[in-house]
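After this come two complexes, each holding subunit A, first together with subunit B and then together with subunit C.
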Partner chain A sequence: MDNLLHIENGGIVKRSDIPLVSFDSFATILSEFVENDGYIVQFFALVEGDKNKLIAVVRNNQLFILSTEVGENFASLTATASEKFHMFEREIAEQYGIVPKDHPWLKMVRYHANYRGAPDAFGNNYSEDIPGNYSYFQVEGEAVHEVAVGPVHAGIIEPGHFRFQCSGEEVFSLEIQLGYQHRGVENLFTEVPLKRLPIIAESIAGDTSIGHNLCCCQALEALGGLSVDPGAQIVRSIALELERIANHIGDLGALSGDVAFNPPAAYFGRIRGEFLNLLQVLCGNRFGKSLVLPGGISQIMTAEQSTIIEEKLKELEPEIRHVCDLLFSAHTVQARFEQTGTVSNQMARDLGLVGYAGRASGIEYDARVTFPTESYRQLPANRNEMTNGDVNSRATVRKEEISHSIHLIRLLLNKAGETSSTTIMQDFTLEPDALIITINEGWRGEISHCLMTDAEGKIERYKVKDPSFHNWTGLAMSLRNEEISEFPLCNKSFNLSYCGFDL
Partner chain B sequence: MLKIIKNRIEQGHKTTSYPKEPIELYKRYRGLPKINQDCDISVVNQCAAICPQDAIVASERKIDLGKCTFCGRCENVAGGAFVTFSQDFGMGTATREALLCDGSLPALADHAKDHFKKLFGRSLQLRQVSAGGCNSCEADTNVLNTPFFDLSRFGIDFVASPRHADGIHVTGPISKNMKSALISTYEAIPSPKVVIASGCCSISGGPFYGSSEIVGDLSAIVPVDLYIPGCPPHPLTTLHALLKFFK
Partner chain C sequence: MESILSLGLALLAAPLFPGIILKVKALFVGKKGPPLFIKYYTFVKLLKKGSAYSTSTTFVFAAGPIISCAGAIMVLFFFPIGAIAPVFSFHGDVIVLFYILGLGRFFTIAAALDTASPFQGMGAAREAFFGTLAEASIFAILILFYRMNGSLSFADYFTGLQPISLTSPAGSLLLLVIVSLFMVLLTENSRVPVDDPATHLELTMIHEVMVLDHSGPDLALIELGSFYKLFFYSAFITLMLCPLDPARGLLNLPLFYAVLALVYVAIGFIESVTARFKMRRTPKFILTSCTLVFFAAILTMGFNK
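And then the complex of A and B:
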């Protein structure tokens, strides 16, 4: 444990200061760390000179970093230590062709050739369409049948492929194949001029524009020596909370629609739009795109905008309360929500779930509290009471977070006397030979970006992690032994990002 | 039951009377740019240099709305000497060329193909395909089904099966991994069919232009009939385009 270097969220680390240990100690230290209620924030590969390097950033209530050098393969930590490594190790194999030996399920993640031109870890040459030469997991037996859905789904949603192995109505296994949305975001970040970075970050996952762009801009600010005034931080925090509320409300509406209870679905659908319009009041875009820039915000919040927000909250808050009451007190809804798609606390811990999916299973972690950025240091935390891990808990957490976020926005509006100035995107240079990690609690949970610069201050490696990267496995597990008809409900209660995962 | 009625009364009637009556968006919404053709070329060049999307063609003093994300940065150069924004959300076009814009766009209704109006004017069923979209285009298309916009009142619906559809509405820069699925969906739609490119991603790659993992241009794969710019297009931009083009 002594070898782990303690780092700060948004603090610069000199690359030469990152502890480099033998793979054996790397494995031992990390195994011990995750066993003691430690979680992985980032675990990725890069090529340094002619060496393959692995870097791990882990957290308990603090952040730590560690690195090691490996050859063409290494002994899988998923196999020996914890499932928390599972997706990260598959990603390392896909991105760099470095193979985690004895990984229990070494399968491609997003289906693309590796960055190093190394032999493909999965034996694909990418002339075939996704999933290449992979044959999906199959359960055999007389009464077993398979249901395959997607990539194109029966609605206006993102693409992904789902395979259910069922006996009658009961799901034995759900395999989720993503990658259809892969746009090569990480590499693009290292190839384009700085002026494009916030625009790309805002479109990693459009429903999390503020969250991802905050991670990007906070990193650029630290590396570029830019400071953000408190007034701008307040607006950024308000925007992040508006994003959270809009998405939570949209999901409660969708959950309601999925159990065929139409009034709340219609009302929440409309109310969600009102919150998107508040982002438009702040910056002209309903998803908050263009608001956050390195160094601050593109448009200030004057008394006019803050009054509009305040008045809207006054109007909508009781409506939300009433529609929530309508939804959560309906017996027919309760009957569908309760004890459906349960992820036990143990399972959630084993998988390292984050955000409301984790909190609904009793993992308290909220990055706004543990690693506060922007104005969050001065704001109260939320505590959710319902932790059964089922659809009902995930829905209830959303309900609680909506009222908590409204409360936070009101507190922030009261502080917003502190003026801020507008920022324009300028050119600046980045600290060379540095690594920085930024974490924010997006509406789905922990978002993290990690940037590494080379000797010239050019971004050499840009690693993005959306909370969905942790939580998709949680959705797959929640379906075990459920009826297949519960899938839409389970899916909506998690509402994970396809593009945020696929990058 | 009582709760349902109480909520129903509280919610009231929310559907917009657009297009019968005009609708005003909050002034920070940008929409169609107003371009000053007499602007000093050095200012135009400055705008082109800071544009993250390389959407400004300085020599012609035009903005390519197929690339623009409407980030508004160009408006801050020299106090808006070259570009300001008009809050006009009607930006759909029937051709890619028309998106290279000097501040005005051809009237969409005049350029819509007549047989489309005849075939789909009273009923239009669309299959939506997200091909690498960030989910903001998808979300703001979905919004058209909420009570405020209530798209169905115009006879326009999004349907599940391409076999039931009259066309596809595509979002996203067309990731390589979605190319085949997109083509299959297109092929599964009976002819005659329409193709709508929604959002700057499907038109030009959008924020992802230059990435080797995307196709970056829907018209390179299938013929496009209607272009809807934006990042994402405002729901009203989509609604306006659909109504003008098909009604």
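And then the complex of A and C:
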């Protein structure tokens, strides 16, 4: 434990200060850390000259960083320590061809050739179309049948492949294969001029544009020595909460639609639009694009806008309460939500679930409380009462978060007397030889960006982690021994991002 | 002549009523909803299209829609719509007719299996299972009617000497039968809470998933067949609800269609206020309908002394 370096969310770390330990002690320290209620924020590879480095950023209620040097392979921590490493190790193998030996399920994450031209870890020929060379988990037996869904779906949703191993209606195993939307976001960040970074960050996942862009801008501000005035921080926090409310409401409506209970689906659909419109009032874009810039915000919030938001909230809050009552008090809906797609607290801890999916399974972690940024230091935390880990809990947590977020926006609006000026995209230089981690609680959960600069202050490595990276496994586990017909409901209760995962 | 007129009117009017369901559901969620004649427009649109066939399918796939639609139409030939004597009738026709509907289902299932898609196999298994359970209720109803009326033909049930209606001596028992038959109607016609006709989620579908591969005129036939099937069950309930005098002939029709429309409104109402059941719980729902009729059958022992 002593070797772990304590770092701050959004604080600069000199690259030379990152502790470098032998792989054995790296493995021992991390194994011990994750066993004692520690979770992984980032775990990625980096090639420095001819050295292959692994960097891990972990958290309990504080953030720590550790690095090690490995050769062409290393002993998998998934095999020996915890499932929390699973996806990260696969990603390392895919991005740099550094193979985690004895990894229990080593297959590609997003289907692309590795960055350094090393032999491919999975034996894929990338001139061929996806899916390439990979096997699925198989269940043998007389009554077992396999159902393959996607990547092209019946609704207008993103592509993903779901492979069910079923016996009759019961699902034994669900394996989720994504990667169909891989755009090479991380490398794009290192190639384009600085002023384009926020635009790319906003497009990582279209429904989380504020969340991802906040992470990006906070990193650039710290490295570029820019300060953000309190008025701008308030607007950023309001925007993040509006994004959260809009998405939660949209999902509650969709959950209702999935169980064929139409009235809330229609009402919530309209109310979601009202919140997107509030974002438009704030910045001119319904998804909050171009609002957050390094150094501040592009539009100041005037008293007029503040009044519009306040009055709209006053009008919408009782409506939301009534529709929630309608949804949560209908017995037939309760019968569908309760004890469906349960992820036990132990399972959620083993997988390291984040966001509402984690909170619904009793993991209290909320980055707004543990690693507060912007105005969150002065704001109250939320409490969730329903933590059974089923669809009902995930829906209830969202309901509670909606009213909490409305409360937060009210508090922020009252503070908004503090002045703020608009920022335009300016030229700035980044601190050389530095690493920075930014964490924000997006509506899905913990979003984290990690940025490393080289000796000239150019971005050498940009690592993005969407909460979906942790939670897709949670969805797969929620389907164990569940009926296959409950899949759409479970899927919607998690509502994970495809492109946020695919990057 | 009256019989043929009434049948023709029913065949023309059947696609109108599902429009009522859509309208009711739309009103519940505060929307205007599609026009009442939407099903006619869709039908014409589908007829204008071509059908696409997968190379892995055989003649069974093409036969499915035709047989299921023909089966549903055939039932209406034997049904006293508006208590007007049906076109055909013979002793025992009810049993034959329910099996003709069963034959239609058999071919729909066979066509679904013919596509070799994993979804369709799943849907077929569900449809066969729930259809089997619903059959128990239907035959319990037929047994009860035989006890009450001594007949096994639709014509005798509603146009015979002792018509079955709420006002007949054992009429109160019909309340149980009506509830039960309504549950069967929801099951057999893939309505909420058993199935969701509006969903696009293949994994949860029962009936819809079996017809996913059908297109154009084939799909039009399937839709038409489903309108007639729903019309038949709704008309069955309507005749139990409102006693009509067979002697009045065509004059019965306005009242009949008014009550029929109410049955469709009830379907729309149920679909608006309930969510779908878990698939695992659905058999309980269907078997409840069987229990209700069985209970009614036991009670008739008191009336028929």
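Keep this in mind: the second predicted complex is superposed on the first by the 503 of 503 C-alpha atoms of A that agree within 3 Å, B and C clash if a C-alpha of one lies under 4 Å from a C-alpha of the other, contacts with A are read in each partner's own complex, and residues count from 1 in each chain.
In this section, contacts are C-beta pairs under 8 Å (C-beta built on N, C-alpha and C of every residue); 3 or more make two chains touch, one makes a residue touch a chain.
Keep in mind it's a predicted model, so treat the numbers as computed, not measured.
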By the touch definition at the top of the document, which applies to A:333: first (subunit B), second (subunit C), both, or neither? second
Looking at the overlay, what does A:206 touch: subunit B (first), subunit C (second), both, or neither? first
Scan A:484 for contacts with subunit B and subunit C and give back first, second, both or neither. second
Considering only touches as defined above, state whether A:155 meets subunit B (first), subunit C (second), both or neither. both
Of the two partners subunit B and subunit C, indicate the one touching more residues belonging to subunit A. B
Answer with first, second, both or neither: which of subunit B and subunit C does A:267 touch in the superposed model? both
Subunit B/subunit C common contact set on subunit A: 154-155, 263, 266-267
Where on subunit A does subunit C make contact in their complex? 145-149, 154-155, 168-169, 256, 258-263, 265-267, 330, 332-333, 335-336, 340, 483-488
In the complex, the residues of subunit C that touch subunit A are 25, 28-31, 118-119, 121-122, 125, 192-193, 196, 198-204, 271-281
Which subunit B residues qualify as touching subunit A in the complex? 3-4, 6-8, 10-11, 14, 25-26, 28-30, 50-53, 69-73, 76, 128-143, 145-148, 158, 160-161, 172-173, 175-178, 180-181, 185, 201, 206-208, 210-214, 231-232, 234
Residues of subunit A touching subunit B in their complex? 110-112, 129-130, 151-152, 154-159, 179-185, 187-188, 191-192, 195-196, 198-200, 202-207, 209, 250, 263-264, 266-267, 269-270, 272-273, 276-277, 280-287, 289-290, 298-299, 308, 319, 322-323, 325-326, 329, 422, 424-425, 497-499, 502
